[in-house]
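Consider the two complexes below, in which subunit A is the common component and subunit B and subunit C are the respective partners.
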Partner chain A sequence: MKIAARFYIAAILAFLYLPILVMMAMGFNESPLYELPFSFSTRWYQALAGNAPLVNSGINSIWIAVATSIIATVLGTMASVALSRRTFRGKTLLQLMLLPPIAIPWLITGTAMLVFFFYSGIGRGLHALLIGHVALAIPYVVLVVGTGFQTVRADLEEAAMSLGSTPVHAFFSITLPLLYPSILGAALFAFAVSLDQFVISYFLATPGFSTLPVQIYSAIRKGFTPEINAISTILLVGSMAVIVIFALFAKPGGVSDKR
Partner chain B sequence: MTNVEVRSIAKNYGSVPVLTDISTDFTQGSFTSLLGPSGSGKTTLLRIIAGFIIPDQGNVAIGGNDVTRMPVWARNIGMVFQSYALFPHMTVNENVAFGLARRGIKGEESRKQVERALELVRLPGFGDRKPKQLSGGQQQRVALARAIVTKPSVLLLDEPLSALDRRLRQEMQVELIRIQKESGLTTIFVTHDQEEALTLSDKVAILDRGRIVQIGAPTEVYERPKTRFAAEFLGDTNFLTGTVVAGGIRLANGSTVAVDAPLPATGSEATVAVRPEKIVIRDVARGGKDTDRSNRVSATISSSVYAGTALTYEAAFDGLSFKIFAQNSDARPHSVGDVVELTWSPLHTVPLEAAA
Partner chain C sequence: MPLDPANSTQLREPGGSRKPLPPWASTAALLVPTYGWLTLAVFLPLCTMFAFSFLTATPMGKAPIVFTFKQYRAFIDQPYLLGVAWQSLLMGFWTTFFCAVLGFFAALALVRATEGKVRETLLILVLLPFWTNGLVRVFSWTMVLREGGFLDYAIHSVWPGAGSVGFLYTRQAVVVGLVHGYLPYMILTCYIALVTIDNTIVEAASSLGARWWTILWKILLPMAAPGLISGSVLIFVPVIGSFMEPRILGGRVGVTMGTVIEDQFTQAFNWPLGAALSFTMLAVVLGIFATFSGVLRRGTAL
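So, the complex of A and B:
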């Protein structure tokens, strides 16, 4: 039984990480046609340095993901406060309306956004991409932070107020520190939603401005080169580092104990 | 001296009245229980005094100042919540110092006051622990220390002992009285436990459906309940209904029960209450000693529950059932079917107001 369980876990990890490891290894392989035997080389990283469209789109991707993460986390957390702590007309409807965007295929959302942005004069480009990504990420943030709110009892804020805290002070000194792990998780989620995003980015990108997934897609149509492996590796190592740093500081689940 | 004063408080939730015309005073340094079943409005009244709820009508004054429109954080109250509501991300010291910091007390002065408060609740040396490292009773004490360290104008307790087990609760009751007397804080305590209210309070206010039906010292509300509700809620009671005659009431079977208290007009209907422990059972067959209690009815024991130190009997007479508490001091307990005489004093026969 134990052996079977271990094998099962090993299989999951293998299927998840082996392709990624192969992809990373091939970025360091001399052959442009992914041929074996493996011979170590950094030529694709050197070539990448000269490939302005790919590098620029990678930088774009990161900036958009960071901006999306910050904007969506702030807005989504604010929405979550209202949905968790206040009662108002139409609250249940609003809560329900947050869920379909997660379930609707991105292709449909993307098409709808493209049409809407075209007719409303928003158009395409960086600003359109940012609006699209934020809109897409907010439901995830509301969901994650909302779950976190359930572990922060409302009477904690009341206790703070009975001790002399204004509602704002109570929120920042009590609720926010307890929500911190959830908010951090939500921010990571929003970052990933944006960085991963292809369909909407593809629709809203302009020839002069695109994100990495869009650029990789157009590059692949012209033919694979290990430069793609190189930039993917850089991005992967970068985001893994961010996640590890967050995980070390946030101690997921360690701060907000339910008592 | 009056410290907290509520005047003509009313509160509705939608069209449902939760509190109706509540007026009462809380004397400086007194311990008052708000006692009532769930839905009686006791917690709403406490939260109105705290400032979490604004009443639809009426005023709240603390220390002579009208605070009806003043938010919670400006009222200088201390409150202990049912769930304690300790801040889980802070140590015990940080929890207790929270209110002090809001009042600008920091550093050495804060540290000294926190230490003194923790000594008062008998938790010295626990300052560096997190709430989840403490037992329920210890968390309770920290919550109390946090509420009193700021020297609030009034201490509000929202069923703080209900989450503790029986033994710990009794221990905390004793502690609570000690801490309240030592701190001298005007204390308002919400509970649905009548025994707790009687044990702890200088005054008990009984609430029923949004009204205070009776307020007074524990002995007063227990011995002289004004209404059927007050009598029933504060423990077991036997009720007798009859027609008022001179000096008592005549029951349906023709026997007269003497009442040593003012009664409504002769000829009208009245109900009296008799506590089960006031009744003495005289065994007719065994010729027990007579007493000077002038109310007597003969009855038949219909059930007997043995509980070690005491016994609870039920005795039937003329279609009525009487409950009697007796100390386990008789040579032989009465058994079911015994014909007995129940006697009690007219002083313990309490006329009740007609139901509202």
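So, the complex of A and C:
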């Protein structure tokens, strides 16, 4: 029974990873038509360097992810302080308001942003993408930092204040250092959310300004070339690295069964 | 965490000259940026789109704005949409079904046949692809499923005379890609439910003579039900709204509610119709969430 179970897990892992590995391998295959047998070549990676739209959109993606990560982490942590440490009316409603960006299909959120930004004069492009990405990342930051708050005792801050510290100073010198792993985890999470976001970006990008997933999508629709495999491999390895770092800083919920 | 004593001298300075803010004001100051941002980026757009769904046409220039309910009659006026909606629901159903079957047993195998570090590593390996780009993973399947792709190559290397089995640009291909994308979700929710089951219950049942299928039906499945249900909801909802997977893997047959809605916004420029279809879908989504809200709350509380 145990052996069968282990074979089954291996089969599931093969199902999850095999297509990705095949895709990566094809980026190193000489043939432009993905013809086998395999012959190793880095020509598609060299071709990438000369593909200005892809390179530029990749740079855009990284900048937007960095900016999203910073803005969402600051705003989300502030909200998390209020939601975790203060009591006030309407708190449940505010907590529920974090769900729509996560739960509503991105297609609906994205098209709604397109409509509203178009008619309100916000338009599309860099700033519109940033507004959208931050909104999607904030709920995750509030949740991750909020989980961190549960492990930091509130009375530490109260003790500091009764000893004459201002609330602000007590927060920055006591709670914030203790929250540091959660906040760093939330920042990486927000970075990953932004880097992988496709649907919202697709509706808010302009021909002149787009992100890497949007460029990859339009390249796929035009026809498959191994260059797509090469850039996809880079994106995949990059986001996996971010997630592995994230996992090292803050154990995502449910992964560890120690609780 | 060492406290720097030099720092503590500066604590009273800012507090002395300024009156401290009342608590409600500082609470508001903490919350306003986040909720202001969400209002601008999510809630106002959703309200605008809701209003849009009652217009006759996309407002352009000086054309008068006329309100109507006709967009919501689209399913009656354009009967082909009913077929599209049915296909989307079927796609959601099959994806959820395969994820539930494969994911439940994968979680069960993880819980019952592995432990400690190995289990933790396997779980991370299962979840890792979930956090990588969905678009790239869908693209990966085109490499496997296309005619002359990896699947054909693997089969031909065993049985050289075989014909092509590549099934890219079919509905089955779309479901395979979606199952690949959402399976980790189901494994995680089922795992969380199964890992809480006390091993002694299973041992007691088997020492009293229960067969494995009795244990499965009477103990494991009922106790994993919250995980199965919340996993199913979390998969079904995004799947019926998907448009990128059907476009890439389904090609011409990959017409779903998602692609129809996308078309209204990017090709047909019929935003009111797209908005009405979006809100119809949103109503379905909210209905599903409302039905299973109790289970979901328990499932995510863990």
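Methods note: the second predicted complex is superposed on the first by the 222 of 259 C-alpha atoms of A that agree within 3 Å, B and C clash if a C-alpha of one lies under 4 Å from a C-alpha of the other, contacts with A are read in each partner's own complex, and residues count from 1 in each chain.
In this text, a residue touches a chain if its C-beta (ideal position, glycine included) is under 8 Å from a C-beta of that chain, and two chains touch if they have at least 3 such contacts.
Please read all numbers here as calculations on a predicted model, not as lab measurements.
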Partner chain(s) touched by A:198 [first = subunit B, second = subunit C, both, neither]: second
Partner chain in contact with A:178 - subunit B first, subunit C second, else both or neither: both
Which superposed partner A:164 touches (first subunit B, second subunit C, both, neither): both
Touching partner for A:70 - first (subunit B), second (subunit C), both, neither: neither
Which superposed partner A:47 touches (first subunit B, second subunit C, both, neither): neither
Touched subunit A residues, subunit B compared with subunit C: C
Partner chain in contact with A:155 - subunit B first, subunit C second, else both or neither: first
Which superposed partner A:81 touches (first subunit B, second subunit C, both, neither): second
Which of subunit B and subunit C A:106 touches, first, second, both or neither: second
Shared subunit A contacts, counted only where both subunit B and subunit C touch the same residue: 164-166, 169, 173-174, 177-178, 255-257
Residues on subunit A engaged by subunit C in the complex (per definition of touch): 1-2, 5-6, 8-9, 12-13, 15-20, 22-23, 26, 34-36, 75-76, 78-79, 81-83, 86, 88, 94, 97-98, 100-101, 103-109, 111-117, 119-120, 131-132, 134-135, 138, 142, 164-169, 173-174, 177-178, 192, 195-196, 198-199, 202-203, 213, 216-217, 220-221, 224, 228-229, 232, 235-236, 239-240, 243-244, 247, 252-257
Residue ranges of subunit B in contact with subunit A within the complex: 50, 52, 71-73, 76-79, 81-83, 85-89, 98-99, 102-103, 131-132, 146-147, 150, 156
Subunit A - residues contacting subunit B, complex: 153, 155-156, 158-166, 169, 173-174, 177-178, 255-257, 259
Touch list for subunit C against partner subunit A, complex: 1, 3, 7-8, 11-12, 14-15, 20, 23-24, 26-27, 30-31, 33-35, 37-38, 40-46, 48-49, 52, 59, 102, 105-106, 108-110, 112-114, 119-120, 122-129, 131-137, 139-144, 146, 148-150, 153, 180, 183-184, 187-188, 191-192, 195, 212, 237-238, 240-244, 247-248, 258, 261-262, 265-266, 271, 274-275, 278-279, 281-282, 285, 289, 302
